[in-house]
Each structure stands twice: as structure tokens, then as C-alpha cells.
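Several structures are given next for inspection.
One chain, chain A, appears in both complexes that follow, with chain B as partner in the first and chain C in the second.
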Partner chain A sequence: MHTVWVRLNGVVFFGLTVLLCLSCLAAISKIGHTSSHAPVIEKLELKSLRSLKSHGGVDRALLSFDLKADMTPAFHWNIKQLFVYVVASYESTKNRNNQIVIWDKIVESIHPEDMMIELENVFVKYALVDQGDELRGKDVKLQLMWDHMPITGLLYMGEQPLSEASSFTLPTEYQ
Partner chain B sequence: MIKDIIDKQVFELKKLWANKRQLTFQVLNLAMIVFSALMIWKGLMFVTKSESPVVVVLSGSMEPAFQRGDILFLNNAKHQVFVGDVVVFKIKDRDIPIVHRILKVHTDADSGEVELLTKGDNNRVDDRGLYAPGQLWLKREDILGKAVGTLRYVGMVTIALNDYPVLKYVLVGMMGLFVLTNKEG
Partner chain C sequence: MDYKGQQLAELLFYWIIIAFGAVGWVIGYMHQDFFIVFKFWLVGVSISVVLCVPDWPFYNRNPIEWLDSVPNRQVESKESSK
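Let's look at the complex of A and B:
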């Protein structure tokens, strides 16, 4: 049987198979990239605490921080963008662990000028809000993390080593 | 031209109907394809522990990372979730699951249960407005899975099929016809 339909079916099916194979090859081509190419985080630390208040029954802290990091090494040909974010984490009596994103940024591969992040005294995008009223006097750790978003293939995370993360202590009184 | 093709297919079907042995073979062939697809789907459900291991992105709220028509592979086998994970969650009384990123994780000291807040990368505000009225946090059980992989454009077919239901019958009908009339020897 060599009708037009059989041929068309064959061509479409073969085309799709080739595309799928190429996608898989693209996805596995950069496995292990992170082990030799790590972003360089020179600085991530609190600049100033703007306020620490009780806001509608829960504690809320507003702050600014300095960040200097070169994300260029994380990029390769199958990365569409990095989602870079700053996580504040602390312990409280109610919660064993609180993790809050206070700032984030999408760095796209088509904008290489964004890959070098250099920010001074930048204000948080999302306030540091507790579930209760336990922020006063807490040790808060700031850590930079990033998520690799591929054109096709697997998503994977990266983070600043905990040993290099900076921390600060919030005041014991509202201010 | 098209009439020729249709005539040919009708002729093939009539011939097939006359040959019961061949008909049985082709029907079994069709059944095998359908059940293989079903087995792969159920197998994925078992491995990923997710009720929906593959989802299609329907909105632009995660652009530019995920666009309408991309498909995501989910994994729900790992219980612990972290801040920054892209997860698919379901809101009570709403059919369509949402793909967004976790913004906050509070782990309770006694029970170890988590309360989560999510946000779409491309949205200006967090998802509290999308949750059920009065709901402030998501629980672990609301989450269908974490996105672990992506493949572009494949979901466009699904979106087209949903937008034009007629297409569904045309496509399935054509595929069935092909399998029935297409013989190897």
C-alpha cells in the first residue's frame, strides 16, 4: 500500500520522532554542567533594616540588601532563563523552619547584560512576614538560590553554599 | 483526488469486513495500541505518585519560562517541597490545576506539616486571590507534583483539541481507520 495517506503518515511520524530524539539529546547534552560551572556569589548581605512592625497581628520586617553575583557560568545553550531569588530563613517556636522569598529576578539568556547582578541597597520585593508575632530577636539567614529553566529537558536548582550564607539578628523591639 | 482516496478507504474497509480473520487481527491491533497508551499513563501515575504526571500549560502566568502549549512532567514522589519549586496545585471546587512557584514555606514545629504560598513568575501579586475564599495557605496535599521537565509546543495539540471538540472525533476516527486498513503484508 503506497497511498498518499500512508506516505504522509510516515513523513509526519518520522519527523516527530526525529524532533523528540533531538530534544532528548539536547536535554542530556549538558548533564554535569553545574559541577564545573558554578555562579560566583561575591556578596549577599543585609544593608539596612527599614522597619520591624506588627502589621495586622503578624510581624513584618522591611529591609534592604546588597547583592553581587555573576550568574553567567550557569548558562549554556539549553538554558532559556534563570530564576534567581533571595531566601530569608529562620526558626520560630510555632514553625520548625520558615523560608520566605524576599526578592527575585528572571535572567533571560537573550539578555547577557543581566547575568552580572550588582545591586546596592536594594529594597525587598516581598516583605519578610511571619505567620505570628515571632520576628523580634530572630536570627535570619539570607541565601541566594536559582532555578535553571531549560528550553527543553530537566529543571534543576542551584544554591549558594550554606557556609557562605550571611545572617543577621533582628532587634528585640519593634522599630 | 480526495474522492479517490475515500473510495479506496471504503473499498479497503469492505474487503476487511469480508475477511473476518483479517478483521479480528486489525481490531486486536487497534486495542493493543489503545491499551499500551493507557498502561504507559497508569505506569507513570504509579512511579510519580501524581494523579496527573503530565500537564499542559494553559496560561502565560509563568512566562517566559513556560508558555501556553508547553508540557510539564510532574513528580510527586518526593514529599518535601522547597521554596522556589515550580509546582502544580489544585484549588478546592476548581477543575483546572495551576502551575506556579512556591514563594513561602512554613514548616510546623509539632506536626511537621507545611503551609505554602505560591506566585506566578509573570504575575504582579501572590496567589491568595486565586485560592478559595478565606484560604490563606496551600497544604502539601493540594499539590499534584513538582515540575521536573519540560517539552515545548507538544501541548498545542491538546489545546487545539479542547478548543475545537470536533477535531477530536476527526483525529481519532482517522487514526482508527488507518490502523484498521493499514496492513503490513
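Let's look at the complex of A and C:
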């Protein structure tokens, strides 16, 4: 502490250490937030099936869906953004559980107007593609999932309860 | 800056940054906005830099009292070794 530079170094780095502690405290202050503040998913269901085709040996379905969800409860002072995505899941003889992301969206905390997601007849971003040719006649569940991206701390996931997820049956013939 | 001054400077920035950070954290928590915490922290660090980094006169109130220098030390030591 005997020269200007040593004191400047001391002040700046002690300050940064304190800022780190404050950030960690902010992360700790929101542990368990999700158990009492779950997003409300009012509607997530198939609107229309556009096509179900064999695409180079594998089955591919294109569809559109309706989504109405209020993501506001998931946000707090340590959340930077949510990565929200729609997952289609079904069983096939090849895999017991197939999970395919068909649509996603980033909801940022600086845009509160985006937290209420209300979309009708949205076309998928990514096609529902099977590993083989087993899509025909399958029961597919649509489920909303999201990743919490915090300012400080660990990323953690959230999902709509599977019991509340809607489902539909794909046609038995290509169309 | 004397030894007492160095101790004072260190204690000052220590408690100023912690105090601003703690108050800012509580207010930020109430408003659920971490940017408030950051602003309080920045004010605390800025005050500390101004207050603790330059060698202000009040850090020099306890100057070190050196012993008087020994006159003709080399001559003396030569004489005593004889």
C-alpha cells in the first residue's frame, strides 16, 4: 500500500471480488424460485399437418401449431433470457423415446412484451424427422420446454408437465 | 504515506466498497434489478479510488521517526576492530 499503483490495484481488485460475491448472492437468493413460479402454458397443440413424406429414406412431417404461454413467472433479477422450445416426442421400434425440437424462441428479460407468447398457426422451424421410416401412425406429444439462462450461476431447465401435453396421431399413409 | 496511513487507506476502501455493495444489493433485491446493485458498487469503487489512491495529507500524520544517522561509521568500525 506504499505507492499509488499498489493502492489502485488493491482497490480495483477488492472491488471486483465484492462484485463477484454480490452476483453469487443474487444467484443464491433465487434458489427454489421455479417451484413456486412456473410459467403458465394455456395452449400448445397441433393446428394442421402440412405433409408426411418419405424424404430420402427417412420420414419427415411438416406441421403447424398454436401456442399460448405466459413465461413471465420464470423471470427474476438473475435471469438474462429464456430459450423456449417445442419438443415432439413419440415411441418407435428403434428408439423407446424420440425427442425432436421443432421450434424455438429466445425470450429476453429486456423485452417484457415478448414474455407472453401468443402464436397461432406457426409453421415449424425444424421438420419432424425420424431416424428411420417409422413416423406413420405414431402418437406424437407436443411439449413446451425452456432453459433458464441466468446472469450468474448455472443454467437449468424447465418443462411443461408431460401429463398436460397435447398429442395427435400421424396418418397411416404418406400425404 | 506513512504506515498508519496505509492501514487507514486499506480499511477505508474495504468498508466503503462493502457498505455500498451491501446497501445496493438490498435495494436491488427490492426492485429485482441487478443493474441497481452494479451502479451502487460503481459509486463505492469510484469514491474509494478518489479517497484511497492519492497520497492525501491526512495519511501522513504519523511520520516514521528514524534514528539519527551514525557519524563516521566506517571510521568507527575500523577502529573497534583493531
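One rule holds for everything that comes next: the second predicted complex is superposed on the first by the 173 of 175 C-alpha atoms of A that agree within 3 Å, B and C clash if a C-alpha of one lies under 4 Å from a C-alpha of the other, contacts with A are read in each partner's own complex, and residues count from 1 in each chain.
We adopt the following convention: contacts are C-beta pairs under 8 Å (C-beta built on N, C-alpha and C of every residue); 3 or more make two chains touch, one makes a residue touch a chain.
Not measured: the values here are computed from a predicted model.
Per the definitions stated earlier, placing chain B and chain C onto a shared chain A by superposition produces no clash, and the two fit side by side.
Once the two complexes are laid over each other on the shared chain, residue contacts for A:4 go to chain B and to chain C alike. Of the two partner chains placed by superposition, chain B and chain C are both touched by A:151. In the superposition on chain A, A:162 makes contact with neither chain B nor chain C. With both complexes placed on chain A, chain A has more residues touched by B than by the other of chain B and chain C. Centres of mass aside, this uses C-alpha centres: at chain A, the angle toward chain B and chain C in the superposed model is 40 degrees, to the nearest 10.
When the two complexes are overlaid on their common chain A, residue A:108 makes contact with chain B while staying clear of chain C.
Look at A:77: by the touch rule set out above, it reaches chain C but stays clear of chain B. In the superposed pair of complexes, A:96 makes contact with chain B only, with no contact to chain C. With chain A used as the common frame, chain B approaches chain C to a shortest CA-CA distance of 12 Å. Overlap of the chain B and chain C interfaces on chain A: residues 1, 4, 23, 151.
Of all residues in chain A, only 1-2, 4, 7-8, 10-12, 14-15, 18-19, 21-23, 25-26, 29, 76-78, 151 touch chain C in the complex they form. The part of chain B that touches chain A in the complex is made up of residues 5, 8, 64-66, 82-84, 86, 101, 103-109, 112, 115, 121, 126, 147-152, 178, 182-183. Residue ranges on chain C touching chain A, taken from their complex, read 1, 6-7, 9-10, 13-14, 17-18, 21, 24-25, 28-29, 32-34, 37-38, 41, 44-45, 48-49, 52-55.
Within the complex, the chain A residues that touch chain B are 1, 3-6, 9, 23, 27, 80-81, 83, 85, 87, 92-101, 104, 106, 108, 126, 131, 145, 147, 149-155, 157.
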